[in-house]
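In the two complexes below, chain A is the common chain; its partner is chain B in one and chain C in the other.
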Partner chain A sequence: MNSPVNDNQHKSNTPHDPLDPCRRSDDFVMSTMTVSGLAFEVCYYKTLVDSHLLEVAIHSLQERIPSSEEVNLHDVLSHIPIEETKVTDQDEEMVQSLLQGSLLIRPCGQIHEVILVPMPGKEGVRSDNDTENEFSVIGPKVGFVEALPVNLHLIRTQLRTPNLIIKEMTLGSLSQSQVAILYMDGIAHPENVSRMEDRLKGIDFDAVLDTSQLDQLIADNSLTPFPLFTTTERRDRVIYALITGQVAVISEGSPSFITGPSTLFDFFVSPEDYYLPWALGSFFRLIRIFGVIFSLFASALYVALMTFHYEVIPKELLGKLISSRQNVPFPPFVEAIFLETTIEFLREAGARLPNRIGQTLGIVGGIILGQAAVEAALTSNVLIIIVSLSALASFVTPIYKMSNAIRFLRFPIIILAAIWGAFGIAIGLCFLLVHLSRLKSLGSPYMAPFYPMRFRDLKDSLIRASYEQTVKRPSYLRPLSFIRYKPGRIHQTNQLDEE
Partner chain B sequence: MNTSGNRYSMSPIHLYFVLYVSLVGVGLMNFQYKMLRGAEKDGWISILAAAVLISIILKMMFVLLSRQSPGQSSLVHINQRYWGRIAGSVLNWIFILYFLLGAFVAYRSYIHIIQLWILPTQNNLLLGIVVLLLVYYCVSGGIQSVTGMCLWGTIFILVFVFPQTFLVTSYLHPRNLLPVLDHNVTSLWLSTRDMLHEFIGCGTLLVVYPYIKTPGRSLKWAYLALATATIVYLVFFIYSFMYFNHGQMKEHLWPTLSLISIIEMPLIQRMEYLVLSFWLLKVLSIITLGLWAACHCLKMERSIKPSLGLKLAIVLFAVLLFVVKDTVDIDMVTELYTRTGEILILLYVPLLFIISLVRKNMGGSDGHEDMLGQPKGEEA
Partner chain C sequence: MTRRSKGILAVMAMLLLSSCQDTSIVNEISLVLTSAYDLKDNQIHNSVLIGEYTEKDKSDVELLEIDSSNSFDVMPRMNMQAKEPIEYGQLRMMVLGEAYAKRGVGDILSVLAHNTRVSRRMQFAVAEGKALDIIKASIPAHDPLYLMKLIEQNGNFANLPHFSLHQTLFQYFSKGQDIYLPRLRLNDQDKIMLNGLVVFKGEKAVLQLTDEEGLCLKLLTEDAKNGKFLAQTDQEGEAKKQAANTTDNDALIKILSSSVKHRMVSDTPAATLDSKIHIRASVIKASRNDFLLSGQEIKELEAEMKRHMESKINQLIRKCQRENVDPFGFGEYVRSRTHHWNNEAFYKNYGSMDIRAHVELTLIQDGIQE
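Coming up: the complex of A and B.
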């Protein structure tokens, strides 16, 4: 920003004008206006400021400034009806502020003291904030948008307490994105907060486009396929994370928060679990976990059993399996990899294509291709069932990043199964478990509350116990106050006792 | 996990998993076979007797360890303090080798079974090395990932393998166990000794102890682990002796596996293929615990970096994989391990216990009454 501009053609150019770097761009407007006999220079990026506010500011400037000989910027300041207007003499700040969408006013010839009127334009932000990817049938459908103030507003309106602390910082040497850290004072452990702050401050990055980038930059271990922070676009999810003592982070221009420290089980939690009766919530959560385990191991188990351990399959079933693949010319491994790759193609294409084409492609890919593959004896019926079921099951996780990790991990496990059968799967499982035991999220163990084992916290991990049981916050977050609420007892009268 | 100071400490419940893993080894697959040379169908008495003896040993360990001053309650320190530098160092080296040997016995016998039972055509070099890689990955994570592995190993057996055994119930012949007590004391003792050999892994407690957050409250977890181990052994014993008669039992080298192999479920039969494969979790926890204990002792004894010690141990294992080739060799190594363990755990630990009592009564320098944790031993 400070690079000296050498072609000093302009009249105001005494040694250097702090605004010179900006002039090179065509969307930078610098015009002179005369009010009550005084000449002002008005500068702004027309691509950054709100045109309505600009009009208001100019208008009030023209109308209200009384004529006088001396220019006192603080007098001028008091006539502009826009908040956070200020006077500065810092060159750095002028340029920064212009780039944040401010209007700069300075008297002609006086380049080192200026008025800055913030009026960031709000164009380009989508107006509907429905959740796009994390759906739920019950519960609010409010999601975040790509504007930081709107997102913070959404959080504030549901946590109306002075204990909700928002700390802002600027990250990205080029993007200069605002990043906000949110936490509940008196609940979140200060170490978690300071750790998050330190890590974010330690980042040197050019352009922060999405919070997920920060997620990777501050992750405890960058060699893991698992997401170490929960990424969410749902408001209720962020609020739940905050009130249990997690720290949330969002960057400007991103519609998703990351919250941490997270545990593996956080990725199987859907806010819906808390809106349904606890028995149902628990059941669905177990289904999700079962789905993920199935998705990880089903195809691999097929490969292992068909390659090495025929004995394991009962003979009634074995007959069917063999007849389904008697015409298939490949070993089970090639067959499985072929189908898994097909599914990955479908998924990747489906994610990139526009909605309508995506549907058509789904039908072509899913039904016609599958049918044709079986008829052409490229694969067996049974494997198609297994592979499509496990693809389906990988999408049951409420957080998309986790389902990506799961789908990725299927491949090494299939390869291991092809080499050593069930023993290979066991090796894969062991690697996974050791890896998970070693992982940390913001310094907290990732496998909590299973490892390290915390009996009390198990109530809200695999299952979701009733609200009477989950009075306390999970201890692996080390919250400063444990009690969330006092469960009220609804007095139930036994009908038989009534006289 | 709460870090006290800079060091990891584990909550008492993890002692349960660590000790369960130490107490139930690869021997669970064939301990019934060994019973045949002793108490035979009366072996359940031997199991119970061995469990009682081990519970006494555990209690002794706890008393011994809790008598040490806070920073010094580990095997290495105790040896050095009670026997002086040189003799203590020799003893420490014996313990280090003993832990290594225990890990190796588990490692080698498991690879052996896998090769015989599931993957007869595979080259054991590759198998062995992959398992060693896993071991390295786990142990290099320090005690956190080792205790984590112990947790998974325990959960695996107790949740996925153990309950399956009950599916055999309808095929049992309870009369196989009758008449009760028709063996003499000598053969009962022979089997009790065999069972004690299964349990001698509990020496790891001496190394793990300083890491327990509240050692005072952890004895109950140790006993619970012992109780669980005993029940697992008892159930497998009773089930296999009720299922196979005496003559059949002689034909089965690994009765537990043979027993599991008859289970049939709607989608799956011959469970032993899967059980044996996934037994890796359990075996891995035994190996990693032993290796970790060895590396940890090495660090305290010679201040050799655990990562270096671990690498050396892994290379040693890979070499030994070839030296120890067949069943005869494995039996020999196992014999060596159990003999050493017998002396170290069943004789040496009580000796230490008595010494610690005597030193206390002589107003000795155990320093546990010194609550500020100032070690007053001659080493300090």
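Coming up: the complex of A and C.
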């Protein structure tokens, strides 16, 4: 293993003890114990192992090992009542396993064949797994935590089929994080799976702290502000992605999955859409999309109209708009950027502060600052309404990463509007559309089903059609089997009631 | 060249090619909302109402006047009086003085036709007397759009036909129809009120129509939704019969909806036109004792109203034929139906053309009865 940490000084030691690199740390324990006349060395990181399991292992060693002169490690192994215990003679594996939280047992003087007893400690994992960032009123509120086994357990308990395949790999030269790739065999297209695997294998990174880092590292285009993979902490969302044929990835220590290939419209889907009647679900989804469009263009349109296109202002609004701007000393562009930045300050500060203070900040920022800014004639009150509405509208996207991208994109569009007016907004829109059409997520088009046009997939894009309509999986995922369920048998209850 | 440098070049080129337009920030310009043109000692006298929105929820009006020798340079010259640059993008009302309208509106129409900033829904009106007096009389209303609202309101809810700059330009440039515009006058209390229509021949105002004729014109040219007319029902015999128990014999009819359909009966030697007008109307007040009319009475009233409307509309058509003006767009209609339409030939025969208007009237009643 090519470790970036310099360990040259230990290479001169002879005979070479594979555990030498570990001894430098004070939390590494190496003690000798004698059982039935035989001396064993017991080594572990006290910060990594489960103290209860450690006691069990030591205890069973002392109790059960019969006295003998020859030490056979495989005999010893059979007396330890802990799963996945094994014997190894690989130096590298010894250190790695110690770092994963194993207990290492070796007879004194025999340093190249050891027993490894995995007993990773479970401290530090949060026990509360509510969905804190992707809340929904209807539907399960189960989210993921920072422990990989728990997260995989949560997925398995809702997909009880042997076709759910979990592939694990280790990533990060320093963190040695476990990364799991999940997919449904027989549904997910093998190319998507292998592509995801290849990309993850190709990564050389030091410490994987969160799955969203992987998101950026494996993204098809690293220059885009748009998230190319859906990031979610909701179990139902991951399961829905898996059963439609997407591939999900999570890393150790991260509470969120990424799923792909994603399309732009996946980011406007809330699991709630599927729990509400389809008409309501569709309506709310349209509201979200309208919100995003409004959020992108409202402030820019204000700047363009106020600066260049006064002639298209409706006569009813003319007086209101002019009188609200009457004593404002700045051009509309400065005014808009000033307010947009204020909103970003508020959002950023609110996100960093503890919950209760955050609420106070919202009131201070929203009400007092806004009022004062209008009274001091630094901004017009019409713009305050527009900016706060568009900030509000940018938060309607269920995936936080998308709302970040939307808020970021507002600024270049406002600048374009200030330079060229509505013409600039049109240019911005063209750039945006061209960029979106060129984007790919895991090799699949990001703008599907609109570009390329797939009429069948429109049923679950802008709107959420009823379950009779969404029998088939979306075609841009190229699933191996298209049919999700039999369409004719959804409403069996109707026939029963007629009796 | 790499792809990236090509992209940068494209953006730079866009910056240079599009150049920089002067900004016209909405509170740093003088918006002309209403404009008036008069003829004064062979000079054009232009006066404009500029909206002043300095205070919240209040609008005020500033009047500027300028003389010029032609219609083209009044707009730039007006700027010499203004503290902020004058912009015409919000111009929504233009009043033309009587003398100016008689001299010809072609100049101003071609200026407006080439101005892309002016709304195509702008309203026109012709003043009785001087246009300046009319817009001066609208100043106390503190609303620079008072006149526009007056005309739009009457077009939507009363007897006035609908107008817009778009329509007026079409009428002006089309060979098969003539312009007509609403006419404004000051009444005894110095209030502005509508007073019929003015019909143009080419660019010159030639004919005045009354309010009632305006309604007939509206019925003939558009699908009207509103409109009221008072019709005398006193056919001689009936008048005597009813005289004992009625105070007057007028019926107020409110048009609920109307539609018009022209039909060309023949096109040789001169075109013969049939215009069918369907009107659904309700009786607001018929001067009878009963609130509601019985079936027989309603049939009689319908027949009377039909005769009344037909004669009024046909009188209007004859009047326009005599003056050789075509506000109805009959020429445009015939042009759309014939292969080689020639406006000169058409209007040579226009006076003697057989144009017949037929009215079909349905009266609808509601209310309570004993």
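As a convention for this text, the second predicted complex is superposed on the first by the 473 of 499 C-alpha atoms of A that agree within 3 Å, B and C clash if a C-alpha of one lies under 4 Å from a C-alpha of the other, contacts with A are read in each partner's own complex, and residues count from 1 in each chain.
Simple rule for what comes next: a residue touches a chain if its C-beta (ideal position, glycine included) is under 8 Å from a C-beta of that chain, and two chains touch if they have at least 3 such contacts.
Since we're looking at a predicted model, the values are computed, not measured.
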Identify whether chain B and chain C fit side by side or clash on chain A in the overlaid structures. clash
Looking at A:Leu339, would you say it contacts chain B, chain C, both, or neither? Reply first, second, both or neither. neither
When both partners are placed on the shared chain, which of chain B and chain C touches more of chain A: B
Which holds for A:Met306: it touches chain B only (first), chain C only (second), both, or neither? second
Check whether A:Ile427 is in contact with chain B, with chain C, with both or with neither, and answer first, second, both or neither. both
Which holds for A:Leu242: it touches chain B only (first), chain C only (second), both, or neither? neither
Touched partner set for A:Phe455, first chain B, second chain C, both or neither: first
Looking at the overlay, what does A:Leu321 touch: chain B (first), chain C (second), both, or neither? second
Looking at the overlay, what does A:Leu152 touch: chain B (first), chain C (second), both, or neither? neither
Figure out whether A:Pro331 sits in contact with chain B (first) or chain C (second), or with both, or with neither. second
Mind working out whether A:Leu104 is in touch with chain B, chain C, both or neither, as first, second, both or neither? neither
Overlapping contact positions on chain A, where the chain C interface meets the chain B interface: 308, 311, 313, 420-421, 423, 427
Residue positions on chain A within touch of chain B in the complex are 308-309, 311-314, 317, 420-423, 425-427, 429-431, 433-438, 445, 447, 450-455, 476, 478
Can you list the residues on chain B that touch chain A in the complex? 1-2, 10-11, 13-14, 114, 118-119, 122, 127, 130-131, 134, 137-138, 141, 144-145, 147-149, 151-152, 264, 266-271, 273-274, 277-281, 284
Chain C to chain A touching residues, read off their complex: 14-15, 18, 20-21, 23-27, 29, 31, 51, 53-59, 87, 89-90, 92, 117-119, 145, 148
Applying the document's contact rule, which stretches of chain A touch chain C when the two form their complex? 305-308, 310-311, 313, 315, 318-326, 328, 331-332, 419-421, 423, 427
